[in-house]
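Heads up, there are several structures right after this.
Both of the next two complexes hold chain A, though its partner changes from chain B to chain C.
Coming up: the complex of A and B.
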């Protein structure tokens, strides 16, 4: 009983310290974990993989620094997938803060490919293979406006170029030229894409969300409104696994490297919850 | 160990550690980092709005190219500032009314279609919905569980009649579904928060300290 009393009085800072140690150790001493790919991620992977040559993938990067660790690995993996398959990509953000993170993700992946490229055709070239449309507020304007004309909504891209002068945009008019739109967001933006872009124009929507919002998003997957869904770091690790297994893309797997830390942290949390509950029932019986 | 020589990495590391210091107790470093974050985020947003929206989409066409029609959005937008003049502060209702009207008109039909009609369709027991689970024959079972769960949960929130008899049974089953939902949401929340911690630690141990690749 004394142990229970002591455990119930443990300073919260000790708990933080235990969690920090449990998370840091697996990062310092990596031990690869097998990643089991679940159907929601698999569906999204194949939806990207089977995009037709003449169609584009639209990617909405809407994560901010506070959700970056969960959503950025998804963005990197999907960009790697698209560029590997030579799928044309249009990137946009509906809010200001994600713009810098979206640019950084594109720069990183294009550098990765261009370092290995031997010819111009192998390279990933801005304007030919992808375009960063940037930001156009309020969110409703691009969501509805791109159904009519993308270049009318985004008259200039993130870098200030006139979009209608870019080679890729000469072939792309509106959602009819896009096969899939993937929204990576820590908020309810993917549902807004469904409500406005999918309902009205019929474009397929895929989503990448933080684990916190997962339970809100699963109903949209079950109804088929989402073509696929990536949830949190675990989902990103599943996409990385698919990329490596199916397309032989061997790059840094940031999300997969984090899985041991997540697993051990969860085990510690479960232990804390069990100890807390035992303590509660023991104290209640004493009263 | 391969410490970074990049000043921005050091600033990022200092601000991250300052925020983490709140876990010990509130302190000036935490307050400093918090204020820097709020200030930088707002400054960034205001600058972007000015250079990417107000100047190219309003001021340039109106004052540079003389497109007089742009005077309408200019005046309507400017009415937001009447809030600071007590005598005419009522004028702020005009832009607010326009915004509410626009967004309500756009969102009601879209919201009903995406969040109500499609979700009801997804609950109906049809072969298409059985397949959506990707669980083979078990798809029927999951669809039935979903069907029961939705009805029972809705009955829990039916307050126009005293919950006794059949309604009591269904609402009790509804509570079980709600609790399972809360449990799943809590589990996911733990995963999300740990992921954020991992993200910061990867930054501190990687680009800053150079301990991990």
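Coming up: the complex of A and C.
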């Protein structure tokens, strides 16, 4: 009984310390974990994989530093996938904060491919293979405007180039030339894409969200409004798994490496809840 | 006039925003395109300036009146002025007329963002895990049948989303997925319908001038 009382009165700093240890230790010794791929991620993977040669993939990077650890691995994995399959990509952000992270993700993946490229055709070239459209406020303007003309909404790209002079943009007019739009966000932005871009122009939408906000998105997945859904770090690890298994892409698996840390953190949480409940029932019986 | 004009604007533009979804006539569509691509962007630019001005005014006022934690307002104002100056004259990646590097030390906007804002933002959010752990330990109790059901579902979902869940039982991830796909969707859809209908009713009340609290004035 004394143990139960001691456990129930444990200082919160000890809880913090235990959690910090189980989160940090596995990150210091990274070992990617294998995961079973679930249908929502599998659907999105195949939706990207089957994009036609003449169509583009639009990627909306709308995560901020707060949600970067969960959402960035998704963005990196999807960009790797697209570039591996030579799918043309348009990148944008609806808000100003995620711009820096969107740029950093593109730079990292293009560098990765260009380091291994031997010819110009193998390389990932800006303006030919991908374009960073940047940010156009307010969000409603690009969401609806891109259904009519992308170059009218984004007259210049992130780097200040006139978009209608870029080789890729000469072939792309509006959503009709895009097969899929994937929105990575910690907020309800993917739902806004459905409400405005999909309902009015019919573009297919895929989403990547944080684990904590996943429950909001499942209704859209069930109705087919979302072509696929990546949920949290586990979802990103599933996408990495698919990429490795189906396309033989062996790169740093950021999400898979973080899974042990998440696993131990969840186990500690479960253990805390069980201990807390045992204590609660023991105290109740005593009364 | 002070209240009448905004009410007329909200009525006219509210109706005009709805029409393009209902009438495919080119006149309506072109007007909508103009309003969205030109008019809305100009308003957004004004709103941005207004927002930044308001932010600075609030913090200046806080410093002037020595309100609680007024010292932090200096941090905001100094960071604001420095980053605005570097951004305006140095460019996002140091392409502007202002030099943004001293030797190997860079201080362009992208470098500042990646090295200050990103770690600060991540730190703030990661603190949530510690608070959640502590709160779960102290408050997540099986006090009633509903709470026990919630607790059970939470355990299944938590274990099901982990690779460990698959090793415990290959059915666990599928069961977790079922919880998300069926009971969760049923509940969420009900909530979302309610929110959507509430939003629609509120929007109509604002457009028709029935709901006027947004005008302020405290009447």
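Simple rule for what comes next: the second predicted complex is superposed on the first by the 283 of 287 C-alpha atoms of A that agree within 3 Å, B and C clash if a C-alpha of one lies under 4 Å from a C-alpha of the other, contacts with A are read in each partner's own complex, and residues count from 1 in each chain.
Heads up, the rule we're going with is that contacts are C-beta pairs under 8 Å (C-beta built on N, C-alpha and C of every residue); 3 or more make two chains touch, one makes a residue touch a chain.
Treat the numbers as computed from the prediction; the structure is a model and nothing was measured.
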item	value
Partner chain(s) touched by A:58 [first = chain B, second = chain C, both, neither]	neither
Partner chain(s) touched by A:265 [first = chain B, second = chain C, both, neither]	both
Touching partner for A:232 - first (chain B), second (chain C), both, neither	both
First, second, both or neither for A:33, with chain B first and chain C second	second
Which superposed partner A:203 touches (first chain B, second chain C, both, neither)	neither
Partner chain(s) touched by A:77 [first = chain B, second = chain C, both, neither]	neither
First, second, both or neither for A:254, with chain B first and chain C second	first
Contacts of A:224 with chain B and chain C, given as first, second, both or neither	first
Partner chain(s) touched by A:66 [first = chain B, second = chain C, both, neither]	both
Residues of chain A that lie at the interface with chain B and also at the interface with chain C	16, 19-20, 23, 39, 66-69, 137, 140, 144, 200, 211, 214-215, 219, 222, 231-232, 234, 262, 265-266, 269
Partner chain B, residues of chain A touching it in the complex	13, 16, 19-20, 23-24, 27-28, 39, 66-70, 96-97, 99, 134-135, 137, 140, 144, 156, 191, 194-196, 198-200, 210-212, 214-215, 219, 222-225, 231-234, 252, 254, 257-258, 261-262, 265-266, 269
Touching residues on chain A, where the partner in the complex is chain C	10, 12, 15-16, 19-20, 23, 33-36, 38-39, 64-69, 100-101, 103-104, 136-138, 140-141, 144-145, 148, 152-153, 200, 211, 214-216, 218-219, 221-222, 231-232, 234, 259, 262-263, 265-270, 272-273, 275-277, 280
Touching residues on chain C, where the partner in the complex is chain A	21, 33, 36-37, 40-41, 44-45, 48, 109-110, 113-114, 117-122, 124-125, 129-130, 132-134, 136-138, 140-143, 151, 155, 158-159, 161-164, 166, 170, 173, 177, 180-181, 184-185, 188-189, 192
Chain A-facing residues of chain B, complex	23-24, 41, 44-45, 48-49, 52-53, 56, 103, 106-107, 110-111, 113-115, 118-119, 121-122, 129, 132-134, 146, 181, 184-185, 188-192, 194-202, 205, 211-213
